[in-house]
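Labels for the chains are A, B, C and D, by order of writing; each one numbers its residues from 1.
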Amino acid sequence: MATKPPLSADQIADLNAKHVNDLDRDYDHLCRQLARRGVDAEAAVAKVAAFSVAIPTWGAGRGGTRFAKFPLAGEPTNIHEKLQDCAVVQQLATVTPRVSPHLPWDTVDDYVGLREEAAELGLGFDAINSNTFQDQAGQPHSYATGSLTSSDAAVRAQAVEHNVECIEIGRKLGSRDLTVWIGDGTNFPGQQDLGRQFDRYLDSASGIYAALPDDWRMLLEHKMYEPAFYSTVIQDWGTSILAAQELGPKAKCLVDLGHHAPNVNIEQIVSRLHRFGKLGGFHFNDSKYGDDDLDSGSINPHQLFLVFNELIEAERNPRDGFDPAYMIDQSHNVTDPIESMLVSAEAIVQCYAKALLVDRDALHDAQDRDDVTMAFQALRRAYTVDVTPIVAKARVEAGGACDVIAAYRASGWRDRKAQERKPVGLGAGIV
Amino acid sequence: MATKPPLSADQIADLNAKHVNDLDRDYDHLCRQLARRGVDAEAAVAKVAAFSVAIPTWGAGRGGTRFAKFPLAGEPTNIHEKLQDCAVVQQLATVTPRVSPHLPWDTVDDYVGLREEAAELGLGFDAINSNTFQDQAGQPHSYATGSLTSSDAAVRAQAVEHNVECIEIGRKLGSRDLTVWIGDGTNFPGQQDLGRQFDRYLDSASGIYAALPDDWRMLLEHKMYEPAFYSTVIQDWGTSILAAQELGPKAKCLVDLGHHAPNVNIEQIVSRLHRFGKLGGFHFNDSKYGDDDLDSGSINPHQLFLVFNELIEAERNPRDGFDPAYMIDQSHNVTDPIESMLVSAEAIVQCYAKALLVDRDALHDAQDRDDVTMAFQALRRAYTVDVTPIVAKARVEAGGACDVIAAYRASGWRDRKAQERKPVGLGAGIV
Amino acid sequence: MATKPPLSADQIADLNAKHVNDLDRDYDHLCRQLARRGVDAEAAVAKVAAFSVAIPTWGAGRGGTRFAKFPLAGEPTNIHEKLQDCAVVQQLATVTPRVSPHLPWDTVDDYVGLREEAAELGLGFDAINSNTFQDQAGQPHSYATGSLTSSDAAVRAQAVEHNVECIEIGRKLGSRDLTVWIGDGTNFPGQQDLGRQFDRYLDSASGIYAALPDDWRMLLEHKMYEPAFYSTVIQDWGTSILAAQELGPKAKCLVDLGHHAPNVNIEQIVSRLHRFGKLGGFHFNDSKYGDDDLDSGSINPHQLFLVFNELIEAERNPRDGFDPAYMIDQSHNVTDPIESMLVSAEAIVQCYAKALLVDRDALHDAQDRDDVTMAFQALRRAYTVDVTPIVAKARVEAGGACDVIAAYRASGWRDRKAQERKPVGLGAGIV
Amino acid sequence: MATKPPLSADQIADLNAKHVNDLDRDYDHLCRQLARRGVDAEAAVAKVAAFSVAIPTWGAGRGGTRFAKFPLAGEPTNIHEKLQDCAVVQQLATVTPRVSPHLPWDTVDDYVGLREEAAELGLGFDAINSNTFQDQAGQPHSYATGSLTSSDAAVRAQAVEHNVECIEIGRKLGSRDLTVWIGDGTNFPGQQDLGRQFDRYLDSASGIYAALPDDWRMLLEHKMYEPAFYSTVIQDWGTSILAAQELGPKAKCLVDLGHHAPNVNIEQIVSRLHRFGKLGGFHFNDSKYGDDDLDSGSINPHQLFLVFNELIEAERNPRDGFDPAYMIDQSHNVTDPIESMLVSAEAIVQCYAKALLVDRDALHDAQDRDDVTMAFQALRRAYTVDVTPIVAKARVEAGGACDVIAAYRASGWRDRKAQERKPVGLGAGIV
C-alpha cells in the first residue's frame, strides 16, 4: 500500500540538500577516526538503520501535572489526529514506525479501519496499553479501591475483562504485546494486607494471561510510587519478575526509566532481568526526582548509554531470547510534543549508536584482567564520540530529515493544525 | 456572636459520656506515672488546650493525582460547603479554629459576608494562599511560562497583581499572612537561566512585599520539585531564606514536610530557620516518596515529634520572635477528608504533647555532658508515652468529641450531604 | 550447666525492687485499658517472653567510619571479652541469648571450648558470618578484585573455602545458619560485566551451598552499595531472591534495614520474601541516609513497628515455613556498645509488643471493607500504646533489670573493664 | 627555577609524535565543524590552556572504605612521595599545577623547603585543609565529641588552634585559602541541641576567621552526612552560606559534588551561591549513592557539564567577584591513583571545554523567547561535541601527553616505585 506521509517529502529533501555535503564530510572524518581504533562506522549505520522505538499515541498531546496542564494550540484531541502527529515524527525521524495505543483513550468503532488509516500514514501498532487506574463515564464499578487487586471481586473482574478486551482490539490492530500497568496500592499503613493484595494480583493477572494468544506477550510494568503513596503492588523489578515467573513464559517485565527508587542502578536491573529471561521491554524517558517523564536523555544521557550497553550485551548473549519492546513514554508538559518526540528519538538512537561503538573485545579483555582503568575507558571512549553523523546518515538515507527540528518548524505543521483542530480546555488534577 | 456549629452538641456529649469515666481513669494514671518522673501532665493539658492548627479550605474536598481523582459522594464543591465541613472538624477536634483560603478557588462576591458566615460556624481565617500555578478561564496571560519568574513582564505583573488582590481579600477576611508558593521552574537544562530567573523572582516578590500591611507577613514556601521537574526557582530552604532576607523583616519561610530532598533532616532546617529569625510557618502532612501529601504522622510520626521538639526549643528561646503559622496541608485521595483532618489533627496534637513532656533540664544536662545515651533517652521517654488521655482531656473540656471518628460517623454528616450536595464529576491531570 | 552471669544478680534484684510496685501498677492499668478494647496483655507478655534476637560479637566493640574510630576505654579486644560484654546485655535485657560470630575476627584454637565458655555466660551461638570483604595478614589471595565473584578463579576458590570453613566452625559452635554478605561490586561503569559477574556469584555460592549440612540455612544478605559504589552484585532483594531460588531450598534471604535504596518500603519486601518462602532473617538497625547502622528504632521506630506487623502476619500465615533469624547489626560509634545494645533490644521488643497488640480481626475486616480510616487506625491504636510495662514485666520475670541502663551503670562494668583490658589504638573502619 | 619533572620529557614527546598528525586532522575537522555553527574552537583551546584544577596530596594514595583498604604496591606513604606522584599527573595532564595539602597528614619540619621541593617538581600549593575529624597520637583532647562544635570548650579551642596553625603553615607554602570541613554532628536525635551546637560553630569559626590574612579566604565545606549519621552541623549549602554571611566577606562556600541529598540540583546551588557572592570553590568527584568520591565524570558527566555551564555564566556575570578554587577530591579505591587523577583531570577539562562551546547568544535568546526546545538544544549541541581534539591540543602544546594513560603506563613509574617505596599495611579508612 502506498503511504501518504503528512509532510512534503520534497521540502524535507530540499532542506537536507543544504546539509548533505557537510554531513558527508563529517561522516567521512568520523569513519576515519573510528577506523584508527578498529571500529567500523558503517556497521553502526546499518544497525542504527534497523533500530526502531514505538511512540505512544498519548504522547502526541500535552501532558500535565496534578497542578495544571497548559494546552497547546493545535494539539490533537482524538486518535486520528494523534496518528497524524505520530506520522510526522516518523517521517522526519524514521525510527518510530509504530504507535502504542491506550484504551479506552483511543477507542474507535472500527479498529480494522484504524489500522488501515495508520498504515496509510506509514505507521503500525505496537504494544497495547490497558487503563484501570481511572474511572470512565458509565463504568459499572469504580477503581477507587484498586483494579486487579481490589478487595471487591466485581471490580477485579471488570479490570480483567478490560484487559481481555484490549487483547481483542490489539489483535485487530496488529499488536502482539499487552502492557499492564496498574496504579493499585495504598496510601496508609494497614490500608490493605500487603500479602493478600498481591495474591489477588496474581489471580487477576492469571485471568488476563489465559486470554493471551500464543504469539503474544504480557508486559508487566512496575513503578515505585504514584498514584499510590505508601505502597504499590508492583513496586519494583523484584515483584515484577516474581509475578512474571508465576504467570508463565509469555509474561515478561517492562522497565521504565523513571519508575525506580532514587539512586538505583537501572542498567543492572536490565542485566538481571535478561539473565533470567524476563526482559520484555523498555519505556524511555528521563527524570531527576521521581517519575518525571522528561525527555529521554535530557537529564542523564550517560545512564541511557549504559542501559544500551547492557542491551547490546544482552543481544550478543541471548539467554532465553531477547526481543524487547521499546517505547518512548514521556509527558510533554512544556514543549510541542512532536518536537519532544523528535529530540528524544534522536537522543535514544545516539545512545544506541555510542553503545554500538564500544570495542567489546577490549572491554571484556580489560574486565578479565581487572584492568579497571582500561575497562572504563573502553566505555568512555565510545560515549565521547559525537555520533551525530552516523545517526543523521541513517536517517537521511531512510528519507528523514537531516535536522529534524528545523525541518519540522519549516513545515508549519503546528500552526496549520492550530487553525484546523478544536481547542483543548483548561484542566488539572487537583481542582 | 453566638456560633451555630454544624453537629448536635448533645449527641457529642452523649457519646462522650460513655467514655468519660475511662478517660478520667487513664488520665489520672498517666498523671501519676508522669509525676514519678517529675513531669506535670496538667501543664501539658493546658498547653494542648491553647494549641491550634489551621485547615485549608481545599482540604475538605477529595484530592487527586495526575492520573485520577475519585470523587466522594457528598464532598463540598464551593467555599460555603467547605466551611461547613471545616466547622465539623473544628467542632469535634477543637484545635482547628481557622481555615486557610485559596484564591481564586474560594472567590465570592462578598468577603465580609463570608467572614460572618465562617464566624457563625465557629471559624476564623488564617493565611491566604495565592495561586499562580494554574490558568483560570478568562485570564489575560497564561502561566505556562511561569508566573513571578516568567520571562514575560506582563505575566509577572499579572501574578504580582493577583497576590496584591489576595492581600486585599485577606484583609477583609481577617487574615494576616500571605502564603506564596509558585510552581515556577524548568523541565530542561538550559530552559531558563537559573540566575536571571531568580532575579526576576526577587523583583516580583518585592512588588508583593511592598503591598503588605505593617502587621502582615509574607510566607515563602519552597518545594524541591513538581510541577517543575528539572529545576524549581524556590527549591529549598536555602533559597527561601536568602529570598526572605532580601525582601525584608516581614518575609518569613514556610516549611512543608513533603517539600524536601530524600533523607533531609527537616527538624534541623526548623532549627536553622529559627536561628536566623525566619521561621514563619509549617505545613503539616506526611510522605514516603515525594510530596505525597499524606495524612500527618501516618508514615513517620517520630519525625513529626522531632519537629515539635525543635518548635518547643524555639519557643523557649525566641531569638527574633517566634509565632509560626501552622496548617494542615494534605491531599485526601482515598479517605473522607473530614476523617483525615480529624485523624491528622489528633496526630499533630499528640506529637506536640509528647514534645511537651520532654524533661528539658535532663536533656540539656545530658547534652552538655555528652552523655549520648541519656540525651537520646530524654527524648525517647517522652515519645514512648501514650498521650491519648492528655489530648482527649483537653478536647473534651473544650466541647469536642472523646472519640472523634466515632462521633463523626455517628453524626451521619457525609450521608446527609451526599443527598444534599451536587455530585462531582470525573477528572484527572493527564486526560 | 550452671551459668555464671557477669553481673551481680543481687544488685539487679535490689534495683528492681525500687520499681516493682510502680511497674505492677502501670502494668495493671495497661491490662485494664487493653481489656476494654478486647486485647489480652498477658498473652503479649507471654509472646514477648518467648522472643529473642541475636547480638553480633563485633557489636560489643566501638565501630567507626572511614574517617575515624574513637576507641572507648574498656572495650573488648578479643572474642572472650566480647562474650563477657554480650553476657552483660543478655543478663540485663534477657532477650539476647545468642551471639553471632564473625570469622576470622573471632578465630580461636578451640571452638568446643569457646562454646562452653559462652554457655557458662548464658549464651549460645547464632548464625555464623563469613568475611571475604577484607584481606587478612598472610592470606594467599587478595580480595581487591572481589571474592565470590572475582574474575580470578583462585580468589573465588579461596572465598568459597573460607565459607566452608565457617560452616565447619559453626557446627562446633552450635550454629545452624551461615550468613553470606559480600562487598563485591564495581566503582566504574564497565569495570566488570554485570551479567558474567553474577554468574560467577551463582557458581561460587553453589559451592558453599553444597557444603551446608541438611539442617542448615544459607542466608544471603543484599546491600545497595558500600564498599562498592557503582554496582553491587547482590544489590537488592530481587537479586537476592533469584539467587536463593537458583541455589535451592536451604538458601534464604536476609533483610538488613539499612541496605535499601532511599524511600523503599521495606515492610513490603518482608511480605514479598515471605510470600515466596524465602524470608530467612533480619538484621536490625536504623538509618537516616545510607547504611548508617544506627541503633534500632532510634530514627524511625514506626517503620520498625510496620516490619514487625508484617512478621506477625507472616507468622500467622506461614506459607513455606517461617523461622527468621533475628540479629541486631549496628555500629556503635558514639555510645558504650553495651548501652546501645540494651536500648536497641528494648526498642525492638517494644515494636514487637506493639505489633502483637494490633486487633487483627478489626484490621482485616476494615481492609476487606476498604474502610481506610479504620484499617489505619487498627495499626495506629496499637502503635500508640506505651508498652513499657509489658516489656519490663517480661524482662523482670526472666531475671533481667527493670531499668536496663540504670542497672548497667550501677554495675560499674565499663569502668572496671577499663582498668583490666588493654587499650585500643587509634584507627578507622570497623575492625 | 628550573623544574625537574619526574618523567622523561623525551619519552612523552616520542609517544606524542605517533599521534600528532591524527590529532591535527581531528582538530582541523572539528574547527571546521564548529565554525559552521559560528563557534571558535581556537578560543576554546586558549581557555582550556588557561584552566587548572588542584589535586589533593592524599589523592595520590589508595583510598578505602570503613570495610577495607587494599594497598597498591608503590603507593606513596609521605608528602615527598605524594608530591612526586602529583608531579607525574601535572607533567602528563598539564592542568594540575597545584597540590592541596592536608594537615597533619602532610606535616614536615621545614615548610619552606617543602615549597621549594614542590616547585622543583613543577608544583605549587593550593588551599590548605585542616583535619579535626580524627584524633592524632599524642593529641591532648579527643574529637570524639566533635571539634569546632564540641560541648567541651577545651576541645573547641584545640580545633581552632589547629586551624590557625594551618594558616601559618599555608602562608609558608604559598597557599591563600583555608578549607574547613568538620565531621561534627550527631548519631541520635537529642544527642545535641541543634541550635546551640551551631552557635558554637559560629563562635569557633569566628576565631579562625580572625586569624586569616587579608588576602586569604576561608572555604566552608558542607556535607549532608558521614561521619555523623543523624545530623551534621554544616549539612547543606543553606547552613554554609548563612555561616559564611555571619563570618564575613573572606568566608566563602565550597561545593563538593558528592555532599548533597539525593536528586538535588547541584548546578542550581552553584548559581545561588554565586548570586550571593559566596561561591568559593569546588571539589570535583562523582557519585551514584552517597559521598562515593568516585572519579569525576565517571557516573554523570552531563551533570559535570551543567555545573561548568553555570560556572561560565558566573564568570561572564561576576556579581561579587568570581575566583573559585577548583580541586579534585576523590577516593581511589580500585585504581592506580595517578591513573584516576589523569582520567579525572581529562573529564573535568572536557566538560569545561563543552561548556565553552555553548552558543550563549542563542541560548539566552531562546530563554528570553521561552523557546524551550531551542534553549535545551543550545546546551545539547555543545555537550554532544567530541572535544577530545581541543583538550589534547591544549595539553600537547603545554608539553603534556596526547594519550595520558598510555604515556603513564609506558613510563613504568608505578613498577619502579613498587621497588623503591616501603609497602603499606592492611587497614581500613582513608588514612
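Operating definition for what follows: a residue touches a chain if its C-beta (ideal position, glycine included) is under 8 Å from a C-beta of that chain, and two chains touch if they have at least 3 such contacts.
As the structure is a computational prediction, the values presented were derived from the model and not from experiment.
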(request) Would you pick out the chains that touch subunit B and also touch subunit D? (result) A, C
(message) Quick check on the interfaces: B-C is repeated by which of A-C, B-D or A-D, going by over half of contact pairs matching?
(response) A-D
(request) Express in whole angstrom the distance between the two chain centres, defined as the mean CA positions of subunit C and subunit D. (result) 39
(request) Quick one: report the Å distance separating subunit A from subunit C, using the average Cα coordinate of each chain. (result) 43
(request) Would you pick out the residues of subunit D that each touch at least 2 other chains? (result) 187-189, 191, 224-225, 230, 262-263, 265, 288-289, 295, 298-299, 302, 334-335, 372, 376, 380
(message) For a test of understanding, state which residues of subunit C touch subunit A in their complex under the given definition.
(response) 145, 151-152, 187-196, 198-199, 224-225, 230-231, 235-239, 241-242, 260-265, 267-269, 271-272, 274-276, 302, 306, 309-310, 313-314, 317, 363-364, 366-370, 372, 375-376, 378-380
(message) Under the stated contact criterion, what part of subunit A meets subunit B in this complex?
(response) 58, 63-70, 105, 133-137, 142-144, 183, 186-189, 191, 224-227, 229-230, 262, 287-290, 292-295, 298-299, 331, 333-335, 426-431
(request) Spell out the residues on subunit D that touch subunit A in their complex, using ranges where they run on. (result) 22, 25-26, 29, 32-33, 36, 262-263, 265, 288-289, 295, 298-303, 334-336, 339-340, 343, 350, 372-374, 376-377, 380, 383-386, 388, 405
